[in-house]
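Note that the chains take the letters A, B, C and D in the order they are written out, and that residue 1 is the start of every chain.
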Amino acid sequence: MSDNLQAKEKLDRQTVALRVAKEFQDGNVVNLGIGIPMLASNFIPAGREVIFHAENGVLGFGEVTPSGEGDLDLVNAGGQTVKPQPGMCFFSHDESFAIVRGGYLDISVMGAYQVSEKGDLANYMVPEREVGTIGGAMDLAFGAKKLIIAMNHTTKDGEPRIVRKCSYLLTAPECVDLIVTDIAVIEVTDRGLVLKEVAPGWTPEDVQSLTEPTLTVDPDCHDIELV
Amino acid sequence: MPINKIVDSFDEAVADIEDGAVIMVGGFGTVVSTPSLLLEAVYRKGVKNLTTVSNSSGFGADVWKLQGAPFPEDMDILVRNERIKKAIVSAPVSALYVNNFEKLLRAGKVEIEMVPQGTLAERIRAAKAGLGGVYVPVGIGTVVEEEKEKKIIDGREYLLELPIKADFALIHAHKGDRWGNLVYRGTSRTFNPTMSGAARVTIAEVDEIVELGALDPECIVTPGVYVDRVVARPKVAPTQEGEITDHQALESKKRFENEIQESIRRAKERGMRDE
Amino acid sequence: MSDNLQAKEKLDRQTVALRVAKEFQDGNVVNLGIGIPMLASNFIPAGREVIFHAENGVLGFGEVTPSGEGDLDLVNAGGQTVKPQPGMCFFSHDESFAIVRGGYLDISVMGAYQVSEKGDLANYMVPEREVGTIGGAMDLAFGAKKLIIAMNHTTKDGEPRIVRKCSYLLTAPECVDLIVTDIAVIEVTDRGLVLKEVAPGWTPEDVQSLTEPTLTVDPDCHDIELV
Amino acid sequence: MPINKIVDSFDEAVADIEDGAVIMVGGFGTVVSTPSLLLEAVYRKGVKNLTTVSNSSGFGADVWKLQGAPFPEDMDILVRNERIKKAIVSAPVSALYVNNFEKLLRAGKVEIEMVPQGTLAERIRAAKAGLGGVYVPVGIGTVVEEEKEKKIIDGREYLLELPIKADFALIHAHKGDRWGNLVYRGTSRTFNPTMSGAARVTIAEVDEIVELGALDPECIVTPGVYVDRVVARPKVAPTQEGEITDHQALESKKRFENEIQESIRRAKERGMRDE
């Protein structure tokens, strides 16, 4: 990464989560992965009804409780205690994944190690560690109508995570719809990756220089909208 | 004669689990939903070479104690004591730190069959429902499809996934009656109702045993016919020393705290994903 | 049928049902088909706990209510209103048949047109009518640990219903364990049909004369026990 | 904006059901568990050439009126008015009398695919759960196995049974809320929860609409995500003449009574089985 780019400010985790949350429309059924995705539940605009699903068998739960206040029998898939909410319901694991696999999730948001230009996703195993955890990621990547990846644009060493072909083992092929990173918003389309938004202070050329496949810059490409 | 599936002690409940048994263990991993006292009893019994079927490999008792769970053991009690020969599991290791299961795996001391979480649930349900197999679309184009039969149905590709049937299913529920009817509490359902009935013998650890008829017939989640034994947790949490006979557990808190700090540091260095 | 046999008294429906009910042991989970089988629920000895299953999604219901007294939302599979009972629970049709197919029924009792010497069952379609109703019969015949058939020993014309080979379409092959008729109780075993009990006044020879395959007469063969 | 799946009328609820649609209809046959007013609305709309998926072919309104059911229509309203091109059904005809479906069948006016009841439930669930098919042991050695792929798994023979997915699922529940969460009442669950979510559009006819939050989250049977529309039955049963526009229904009571007496007589003559 050039010194020029290193000096530019990237979005923090909260801001990435805020941008992700803008994708949630009224009535959407949404599953949030551990990490940045779960932060997105804090940024639902007032008056918008979004139904959150968690793999452990719940739909329609409320906000994460302040630390130490929650009920251990009311938690999201990350183990955070959440508030009860009217309309909420509980079910078994087989029903939970019937909902996922059956196509009843509008949006799934998760992290990734790599995303390819075709939308292949690798997020469960890093080769240097030799082991990984599939968990619910394969089901969610397959089942959700729209899969959003929230991640840092590059590795700590500056290597692109958006690549021509994933070098890590795949979670699912051709499943990603939208990538929200700390410097850009990129849509996966039939004609390749389309750069839709850039972080303030970043140019499309900057983003391209940290991305392996060639990006098509959307004619309307603009600064990431956070309001 | 009245049907009575209630047994008096955890040790009695697991008395016929032998070396080499296939056991399902309910619960999720990041939520308190595990049959903790049944797992302790299995550990106490000393059985080994188990094949386990579970969502995760456990965090260890200390994590749950920190969270305030009164009955803190999870799958880790079988993992750290090396009682498992093979684990059929969805989430065996942690992205944040090297857990005990990963250590055994690296040391070649345990076999693993990793299964996507929804497929795991469906394979367990298939066993309960008497199906020979199910065609699942999840895993196509990944390592999960290796050595599995593929089939194109109505233009889409599927993998043949076979039922997973156990000798024993150990599950946790909120309330149970003498017929074995069960209800759960909140997000602690997880794999517990799914596994009930998917084994030759299903053993339910419940927070409370209630009179027959006390559970609303509209709200019973697990019909009693799936359940063979019901055993109640003590009302008050046992003192740690009295109940947990495994001295490793008593030392693991410090170890865990060191480890998690260290691994978070390493993970940050590597730019580990958030997932 | 010889005049001699025509003069002999057969058991009535209630008595056949009473004999069937003697098979239900403490704690058994039992499904009763429409007709004679359902009558068996009236003959459970006091103090014996038998859990009745009905396909429409209920376990553990009580007696049939007096006519006109029941709740239309609490009925057995034959549409008879039944009494609620402690321990009862309701579930969906997929769960109901997971219980059946998964092997959780100890006993299923149903009627039949024909049973073969191997225990093949034909009870859903009569050729002269060309149509039939499979309903839950195939699942129940397959799934129950013990399948009891309750039927008249012969057709109205005196033709045997226990036959070498069913001429009617099969509900399931080799599934019947016990046949309770209006003149006999016959067990289906690996070594063929074994006559265990005969109706009062009937001899094993009488029963054999109305049965197509050869019966082995159990050394303990005796009058049907009703108490 | 609040989610609101509640629609105001039965006609509005079925307005987009077109000729040739595949519709699932909840309920059992011998118990009151059918979406009666949705079926009336489908009949009123005049759609034809339907493919229906249901447990039975209905008894007709008069049988239910005799039993005291306030909303008496069942599948028979589509049968006797010849709206069905093909029926996927478990219990199409009666052992006791010749029903309207049997008459159509004998006249070659309807196609039939008869499915064992449990297999029907499992195939519908498979559609909801996104499976490509399931291996079912029921039907081996019978006509049900004809033209189906067989497979031996773990020494046992199974039939490949394919999912049944519909355009619309019409179901009946006891209470529902604006998110589509549903609870049922007693033995009226039957196929209703099974079919919810197994169609592109699921429409629930409920006895009562309640405020969001009024249903106990531990007791909700059908999660709202499976349900697209909720429509409430009127509190008071409609007068028979006002609501049932089908004049055939008004005459069928006498016909039914004659028929059932006649067919019971015939059945007795033939020594018809009790089943």
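The rule we apply is simple: a contact is a pair of C-beta atoms (placed from the backbone, for glycine too) under 8 Å apart; a residue touches a chain by one contact, two chains touch by 3 or more.
Keep in mind it's a predicted model, so treat the numbers as computed, not measured.
Engineer: Is the number of contacting C-beta pairs greater for C-D or for B-C?
Structural biologist: C-D
Engineer: Taking each chain's centre as the mean of its CA atoms, how far is chain B from chain D in angstrom?
Structural biologist: The answer is 38 Å.
Engineer: Roughly how far is chain C from chain D, centre to centre by C-alpha average, rounded to an integer in Å?
Structural biologist: So the centre of chain C lies 28 Å away from the centre of chain D.
Engineer: How many angstrom between the C-alpha centroids of chain D and chain A?
Structural biologist: Taking the average C-alpha coordinate of chain A and of chain D, the gap between them is 40 Å.
Engineer: Which positions in chain B are in touch with at least two other chains?
Structural biologist: 122, 125, 129-131, 136-137, 184-186, 217-218
Engineer: Residues of chain A that touch two or more other chains: which are they?
Structural biologist: 90-91, 94, 97, 101, 143
Engineer: Which of the chains are touching one another, listed as pairs?
Structural biologist: Per the contact definition above, the touching pairs are A-B, A-D, B-C, B-D, C-D.
Engineer: Going by the contact rule at the top, pick out the chain A residues touching chain D in the complex.
Structural biologist: By the definition above, chain A touches chain D via 26-27, 29, 47-49, 51, 53, 59-60, 84, 86-91, 94-95, 97-99, 101-104, 143.
Engineer: So in the complex, the part of chain B that touches chain C is made up of which residues?
Structural biologist: Listed in rising order, the residues are 1-3, 125, 127-131, 177, 179, 181, 197, 211-213, 215, 217-218, 220, 223-226.
Engineer: Which bits of chain D are touching chain B when the two form their complex?
Structural biologist: Residues of chain D touching chain B: 122, 126, 129-137, 151, 153-154, 156, 158, 162, 183-186, 216-219.
Engineer: Report the residues of chain D in contact with chain C in the complex, numbered from low to high.
Structural biologist: 28, 30-33, 55, 67-69, 90-95, 102, 105-106, 114-119, 121-122, 124-125, 136-144, 184-194, 221, 268-275
Engineer: Could you pull out which chain A residues touch chain B in their complex?
Structural biologist: Interface residues on chain A, with respect to chain B: 13, 33-37, 54-58, 71-79, 90-94, 96-97, 100-101, 110-113, 123, 126, 130-139, 142-143, 150-152, 154-157, 169-174.
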